[in-house]
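Before I ask anything, here is the structure I am working with.
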Amino acid sequence: MTIEKIIFLVIAAISLGAALMVVTSRKLIHSALWLILTLFGVAVVYGILDAGFLAVAQVVIYIGAIAILFIFAVMLTRRANQDTGSQNNQYWWVAAPLSALLFGGLVWMMGSWQGYSTELPKLALEAKSGMLKQLGQLLVSPDGYVLPFELASVLLVAALIGAIWVAWDRK
Amino acid sequence: MATNTLIWLLPIFPLLAFFAIVLFTNRNKALSHTIAIGAAFLSWLGSMIVFVRAIQGNLPFEKAIDWMPLGADKTTHFFIGVQVDQLTAVTLFFVAWTVLMIFLYSVGYHNFGQPKGDHDHPGLPPHGAKVPDAHGHVHAVPSIEPMYSRFFAFIALFAFGMYTLVVSDNLLTLFVGWEIMGLCSYLLIGFWYAKPSARAAAIKAFLTTRVGDVFMLLGIAYLYSETGSLSYKVIFNEHTLEKLAEPAGFLGMSIAGLIGLLLFIGTVGKSAQWPLHVWLPDAMEGPTPVSAMIHAATMVSAGVYMVIRMFPLISVGWHEGGSLTPTMTVMAIIGAGTALFAAVIAVGQNDIKRVLAYSTISQLGYMIAALGIGAYVAAAFHLVMHAFFKALLFLGSGSVIHGMEHGVLHTGDHAVDPQNMFNMGGLRNKMPVTFLTFTIGGLALSGFPLVTAGFWSKDEILADAFGNGYWLSFIVLALAALLTAFYTARQITLTFLGEPRTKEAAHAQETKWTMTLPLVVLAVFAVAAGWVGIPEGLTGGAIPNWFHEFVAGTLAEHLPVLEFNFLPMLLSMIIVLTGLTLGWWVYHGVKAGQPDPLAKPLGIFYTWMKNKFYFDELYDRLFVRPAYWLADTFTNKWMDRGVIDGTLHTISRAAYALGGVFRNYFDLPVVNGFGDMMGEGTKSFGHKFRAVQTGKIQQYMLSVLVFAVGILFYYLLSLLKP
Amino acid sequence: MVPLSWYLIFSAALFCIGLYGVLARKNAIAILLSIELMLNAVNVNLVAFWRYRYSEALNGQAFAVMVFAVAAAEVAVGLALIISIYRRRNTVVADDIDMMKW
Amino acid sequence: MSWNGFLAFVKDPLTEFAKGITYRLDVWGLSPELVNVIVKLLGAFVACMLSFALVILTIWVERKLYARVQDRLGPNRVGPWGIFQTVPDMIKIFTKEYITPDGADKVTYNLAPILAVSAVMLIWAVVPFAPTFFGSDINVGALYIVAVGAIGTLGIILAGWSSNNKYALLGAFRAVAQMVSYEVPMVLALLVPVLLSGTMGINSLVKAQSVWFILLAPLAAFIFFISSQAEVGRAPFDLLEAESEIVTGFQVEYSGLKFGMFFVGEFLHAFTISALFSALFLGGWRGPWAEQVPILGLAYFVIKTSIVYFFVILLRIAAPRMRIDQMLNFNWKFLVPLGLLLVMVTAVVEKLVIHYYTLWGLEFGSTNYLILRAVTHLVVNGLICVGALWLSQSFGKREPPRFDASRAVAVPPQSSESTATD
């Protein structure tokens, strides 16, 4: 039981708990906050996985932008979401076992898979800055992911404009 | 610039001008004619440069690109390209000059700068406009051509066609230029398309030349199938010609002869030789610059140019002084015949332009005849000279007409035909420049001895005929020369000398510089150009016969300059002078309203002359009416309506009945029944099951997930199985 | 060292929780939140696999970045939709948004 | 302790201190990674304490400066020049009553101030005080700063939302609008030094500044300065707590230490920003013998930071508050485009510089090379600056006058009355 394992277990527990709170808590704003906690946990997991950039990016994007957006949306639609009474629709009793079933199935599948490397491979590039550089080059190099990258940028612009257009109060 | 590149560029400028005007500057008249004239000027400049470089030697310039891959293997190509040898050079020279001059002239001719007409509309010649001056007097002034830009676009295209034809190094591109000019002649002759006569003339010209072109195309195809190439280099080298020399098994002609004959028929159409000459006089319906363009600069010259170009092919199996090949005989006969015949008709014409038209025909006949008797250089020489003075004459006549129209506008009596020479007279005082230049042109045309260009060229032809002992053609051509001199004198006399026969003539007015400047320039050429071809024998070699030396270089075997002989020259001098004096003497005293003095003495023959020997009527009977009949009665009424439609109608009725049967006994009960059943079934099905679509998205996702999980577990369980 | 399977189980759990949220929550915004959970689960998978099996190249991380972009776009548009729907029909309950049925 | 040891300690006390502790703990037989964790924790603790102490000072400095600028005396009772004025204030705040409004969301209401302060604290983790003394030089330091800023935003919005009060909510909205939008130019401005140095780690960034980046990228420095002010939310960007309009905005419902934490957070943030500025653009701890004697580096760093901080305060004192629309327009229509342009241009120019100057025989990193590079960037920046000013001059919308200037303020009395009296 190394420190890493302990840290991971703690983080995982926190994130999963937070995730559960997200889907169960009555007040929407709370679920948003719990979501933030979950995202934080995930960010830490990235950190443990030596993906520092992703960790920070996770914080910037999810917590700095997406979560804020959510909170905004919650505030804007405050009148409509009565935070009292059940937050679940009438099929939650179907959904819950089904999700559990799926989880079981996934675990089973993982169990039936023989690909687990017994030990953590040493990171080929120990210099983390090197990793960042490499990631950047991978993202913009023609034989790398430049096309998806550009597509993503286009997608973002489209989403931006679309969001403005959709949410525009034409009155 | 490299000469080859320059040559490529020559045709391009007018083409660009055409597109520019048609596409963009159509609205702006000034811009349009600036573009057109600019293009003409550029081409002129290029041509001059090419010409000068050509004179300096190292001919021919040629540049060809592989244009179209041939056959299964893509290695052999069809080459198209440009070529400038001596003949092309001189042709370029006169084409460039005349084209530029005509372009410039058109500006004045179409009354640029005048107000818009009061009741002009596109497709009709301008009727003139009424403008009040400072004192409130209303003056009738000529009005600007409504389709001014369009005109320049067309002649630009025309020039493009000519340049293409001249510089091309193979028969195909030559033919392309040829056809473009055919199109342009159609467009331009029918430029005032609202006039029925113009329409008719345009169609006539187009169809008539087409007849020739079909044969020409046949000739080209035959040539290609024989030699496998159309470029001059390949055709004119010795062993190709030898190969072509063997008999074709048709009237005992050689292959080359047959091809030459076919090509020559093309020329007959294009250069309006008998029997296809009928379109040319009617072509006078177009604006005068067009007439000049067609008769001097481009079209008819193109025909002759083509034959001259093809001379080595045509003259296969003929040697200097030898007996003529059948093709050449045909050419000689047709040429000489046309020369005389057209000259005769010309005498009987009163329309100033028609006279010139027929004189054109006859002069072309000269060239053809010259070629027919193997006078290669003489033909080329006469071609160039004729281009100059004929352009001059046409432009001059246009200027005269313009002056007359001015008079017509002044008097307002539109019944007076401003083209009829009997309405003119005494214009020499009214329009001196036109008078002088026109006279010079006329003298050149009639071949006034020793000074004019026409004399030298025509004399060379006559001398050739004489020297080689082709008596028949010599006599015929001499007669034609006489008549030429006669009707020229007649024309000048009727138009300029004597007293004005009408008020209009009295009020005629000199035209503006854009029209007179080209006249002057061309007049200079009409005189001076001839001096490059003075036979050495006359001057005892003091002045070298440069033209002969130069142009003869085109041919593979060198044509010897035949020894000089005074007799034909004296003869032609006498003939010309006689003709001129005769013409003047007959016509100098013609009063207003008096009929043609020749009418009485010649009698019936005069009417024949006047009606062009009824050729139009003959062709009308022979071809036009039958064609109409074939089209209307036979094809339309009998075949189309009767046979084809009848068949179709019966078939359709049968089909209709059959369809009815099908419909009532198969379609409605079976097919529709089935279809309706399906439709109804689907509808009711939908009604029953639409409850499933609740519009609640989570339900959908749930159902999806159920199946997804099901599949997942199916997969896992299948893993379990050994 | 943490075995790979732990990460996988973690992400699977996260995914299923998110799935449950998507299926069971009433509020459209809550659904979006849950979708974010699922996306994160996917990302965790990607990164874990990258780290444990393909750590010589950074494709896993690149994919994760792409997922970030997609998530951002999705949230932007989704929330915009929800807000405009809220403006028109004054509800954010997913089940009430069923104008398109039948 | 030997003389050399003493010298070493003088040169770099903090490292030596850390060494000592590590040694001790090793002696106690703890596993090395655990020791590492403990030492880091200690360092973090020290940093936080230092920062709090610093705040006490900065508050006094700020008040004093305020007073001087406004021609007052300012705090002058407690201690020499009233330097301990803050202490009684603190005591006052500590002893105040905690009021939690009805309908407030307890958890978030209490969470918000903590977030607000901790966000600022977290920044200190990457600030390099001296060549050897910094929390950590993670390779994404620049990004990290932004991320932490996001957390600060979160704190504020939570504060606004949880304290069930419309003014608070308004303030929060404004705050978020402001912070989220001003994050964009800040990131862009951060990217420029990153481009120039080729690294994101703050310490490596400082190391790379053999020429201060403010010389290479003055415009970027300018943008960073402005947008960081907006991030902090002080005048002239203090309309998220505009006392006069929305009664100190999101923190209206807070009292006692919670309010104090926001307060501290703001002051500390201001100071942190100046520290970052000096690290990013003024070459951080760089200076003569800084590498050999790290304590000197610390000194340099503190000096630079305080100079920047001085300007920050002056700005706050001098500048009037902006309207929200002005602020957003200024951001989206001026700063962001300018930042984008800067990033692109800098990237291109840097590439060209590296390529051509090395091509022309200047060997990379030599003095001439550095000077030329700096000059080039400076010139380019100047050009861009001129262009931007010209554009904003010619195409920028003029504010319509709020009042009719032509109207006379005082109307002269009518002479007709005088005539009527007779």
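Per-chain numbering from 1; labels A, B, C and D assigned in written order.
What we mean here is this: a contact is a pair of C-beta atoms (placed from the backbone, for glycine too) under 8 Å apart; a residue touches a chain by one contact, two chains touch by 3 or more.
If you're wondering where the values come from, they're calculated on a predicted model, not measured in any experiment.
J.: Given the touch definition stated above, what is the smallest step count connecting chain B to chain D?
T.: Between chain B and chain D, the shortest chain-hopping route counts 2.
J.: I need the chain pair with the most C-beta contacts, please.
T.: After tallying contacts for each pair, the winner is A-C.
J.: How big is the gap, in whole Å, between where the Cα atoms of chain B centre and where those of chain C centre?
T.: 78
J.: List the centre-to-centre spacing of chain A and chain C in whole Å, with centres computed as mean CA coordinates.
T.: Once rounded, the distance between the two centres reads 7 Å.
J.: Go ahead and note the Å separation of the Cα centroids belonging to chain C and chain D.
T.: A distance of 34 Å separates the two centres.
J.: What are the residues of chain C that contact at least two other chains?
T.: 19, 23-24, 94-95
J.: What are the residue numbers in chain A that touch two or more other chains?
T.: Correct list: 53, 57, 65, 72, 89, 91, 94-95, 98, 102, 106, 131.
J.: Between which chains is there touch?
T.: Every touching chain pair, ordered by label, is A-B, A-C, A-D, B-C.
J.: Under the touch definition given earlier, write down the residues of chain C that touch chain A in their complex.
T.: Result: residues 1-10, 12-21, 23-27, 29-30, 32-34, 36-37, 40, 43-44, 47-48, 50-53, 55-59, 61-62, 64-66, 68-77, 79-84, 86-87, 90-95 of chain C touch chain A.
J.: Any idea which chain B residues touch chain A in the complex?
T.: 696, 698-699, 702, 705-706, 708-709, 712-713, 716, 719
J.: If you look only at chain D, which of its residues touch chain A in the complex?
T.: Residues of chain D touching chain A: 33-34, 37, 105, 107-108, 111, 138-140, 143-144, 146-151, 153-154, 157-158, 161, 169, 173, 176, 180, 183, 199-201, 204.
J.: For a test of understanding, state which residues of chain A touch chain D in their complex under the given definition.
T.: Against chain D, the touching part of chain A is residues 3, 27, 29-30, 33, 36, 52-53, 56-57, 59-60, 63-65, 67-68, 71-72, 75, 128-129, 131-132.
J.: Using the touch rule from the top, collect the residues of chain B that touch chain C in their complex.
T.: That would be residues 690, 693-698, 701-702, 705 of chain B.
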